[in-house]
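See below for the structure under consideration.
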């Protein structure tokens, strides 16, 4: 399945439950839920796991980060060409746990455009979300860091802030895809997020740490239909 | 082949000539030269390429970097467990192009010990090399940044500094493996490095950018025998 | 003199010609040129020199940076309250030589609003300038890093880019003050900058490294009248 | 009074109780306690306050940080020449709240030697302390970050670790001055620290946040005599 909205992006982070063999299994469950429902689910595994997952599943695979570099003498950095050859079709940028300088964000957005990768830039509050949207990435994802990993969903805890973010972002960029994240753990959180004007969610622990990852994925995918 | 000295570590950096399919080919050439000569050659590819290379070759594979983190909520970071499950047996740390805080270096060395990964910490001058050696990594690699990528070999351009580094390091740590790097491009540079008291070299562009990567690898491996 | 436009902001950077006693002399020359012409000249000395300069002159003094921190247990950081008590009335933010994460820029802008300090956020290209403007600082200063310190003035080398930046910024923020900088070394560069739609310039080496700092300051101040 | 051991270094951090006018008062109290007891007390105020304090007191003034830069085009950085001209005679380096890359620490130690500034490098555990000592600064200060600001004194909570640090440091550097810090809040903590083989303490909130700063300073100074 190609990338489309509504979308659920699953950030695998560096949980053991989503590393190596377990990352592959999680990706396969995401693919299953996606195929059954027709909802686009994107997986964003660790760099080491991109190649094996991209080979094994037909849903879009994103990198969790890329660096604003050209091929050459960089050690320990993430090259756009490398994640692309490994099979990634997009990347997260500026996640709250991997924050970047403004000039780096701008350079990476340009790089993704040049390399034909989908760019999903995260921002931690309404003003920063609007700032990001001005630079015309494909996706802006609004995540209040204080809710990340808490199970308290942004869509229920801060509905007016999500709504306000959507408005601020739309004012400067009518086309960008808007997601929200942080604390998303129930299927209802997904449908509320969509009602608030977003086109999907960015989720991590709500899926990765679930006892039955497939069931939650399936419930989230179903929730985008409501 | 298990890790042993003398050793040649090939840092693939982010060159296109050592990304994806080309990384795999370079690793196979390194394996061939290693098997033919009995000299240990380590390959350090990009994160995305570790799994495929580790599956395909029997020589040691290192990561170019790992982060000082435990499994959990980190996005876009390099988890020791992930590179290990992908097949890496060691890692570069604090390369001149991926410099770290002192406390991070110390934490990563502890982490590698705990995870049974070989630690190769880079340092940019004699004093920093001795400081690194005090923290008891497996390997210290001395690389003057001003020579990296120049083709002017540290072993010939600064023989007395290499020698001085070996002495300073030995004073605080009699056991650590000492390498030198930067500008190594001729097989003679390798044998000179060993004569100066090191137990091998860390090399990148000298191999990666060579027209015939295998021939240079083979010549370097032979040079450790002289 | 209170802050007003058109404005010339002189970034003292860390040149010896603008450190300590020499910083004080440069600030006095700036005050002289400002009083004679009625043009607002702002000086941005190093932190150590703020107090003495703010005591000695009546023109606005800016800090070169502040950190996004509250009073408390931070060591070696720049506290808004400290630069304010020393006499600064504003601050540069995100200069090309002191780049910040997007979330830090956003936090510092909020902090300056709260502490009643004038915020001048620098950006390195048109897109980043618009992104910055979205967060509603008092001033956006556009400086292409490749021209900084060259003596090749942005206003003459890239007039269409300056103009484009003004348009992009105005689209998202009709009120913000727009400056440009980099390479400004002749009084003509100042008047051209104003004609391109900016309300002033951010200048450093063009003034600081001049043989006769006062004469250039005076010429720049005069140029804003044309 | 010149710098000598035993020594009490008071890190003013960015507390409001040690900013601006209050920083000056605290420095005067430190000077008073120092003069009355003959114990060396060093004050390390914020950059903005160095000049006024250095002019007003005769005890040594340290900077809280300096950057590894030469005079020139750096904005928002801390120039060794600037803190020196303002009156500082030394500097903290690599405080747990302002951690630096290994190569930066090495470069700053060289810089302080060249500029005749006293270097006090902080480290967060025994291994890192030994690593720092290898680079021959004037002072190594061992501070376990988990105790900073807690009021639980390192000298009482981790006496064997302080002792072990002293041994590890002495092994690689017989001459360096060794301090410990974190949680020092009672005069007894100071005398215990000295008994464990250190030559003084680095203290912050224990003094700065005290109701009667002078009394604690005096008690600490007296405690070095026991």
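The chains carry the letters A, B, C and D, assigned in the order they are written, with residues numbered from 1 in each.
We take it that contacts are C-beta pairs under 8 Å (C-beta built on N, C-alpha and C of every residue); 3 or more make two chains touch, one makes a residue touch a chain.
Computed from a prediction, not measured in an experiment: that's the story for all the values here.
Common neighbours of chain C and chain D under the contact rule above are absent. In the contact between chain A and chain B, the residue numbers used by both copies make up over half of all numbers at that interface. Matching the C-alpha atoms of chain A with those of chain C calls for a turn of 180 degrees, to the nearest 5. Comparing mean CA positions across the assembly, the chain most remote from chain C is B. Between the Cα centres of chain B and chain D there is a gap of 37 Å. Note: centroid distance chain A to chain B, computed from Cα atoms, is 34 Å. Between the Cα centres of chain A and chain D there is a gap of 45 Å.
Among the residues of chain C, those in touch with two or more other chains are 96.
Chain pairs that touch one another: A-B, A-C, B-D, C-D.
Contact residues on chain B toward chain A in their complex (touch as defined above): 11, 13-16, 19-21, 46-52, 64-65, 69, 71-79, 81-83, 85-86, 92, 95-98, 148-149, 204-205. Against chain C, in their complex, chain A makes its touches with residues 94, 96, 99-103, 105-106, 109, 123-125, 127-128, 130-136, 171-172.
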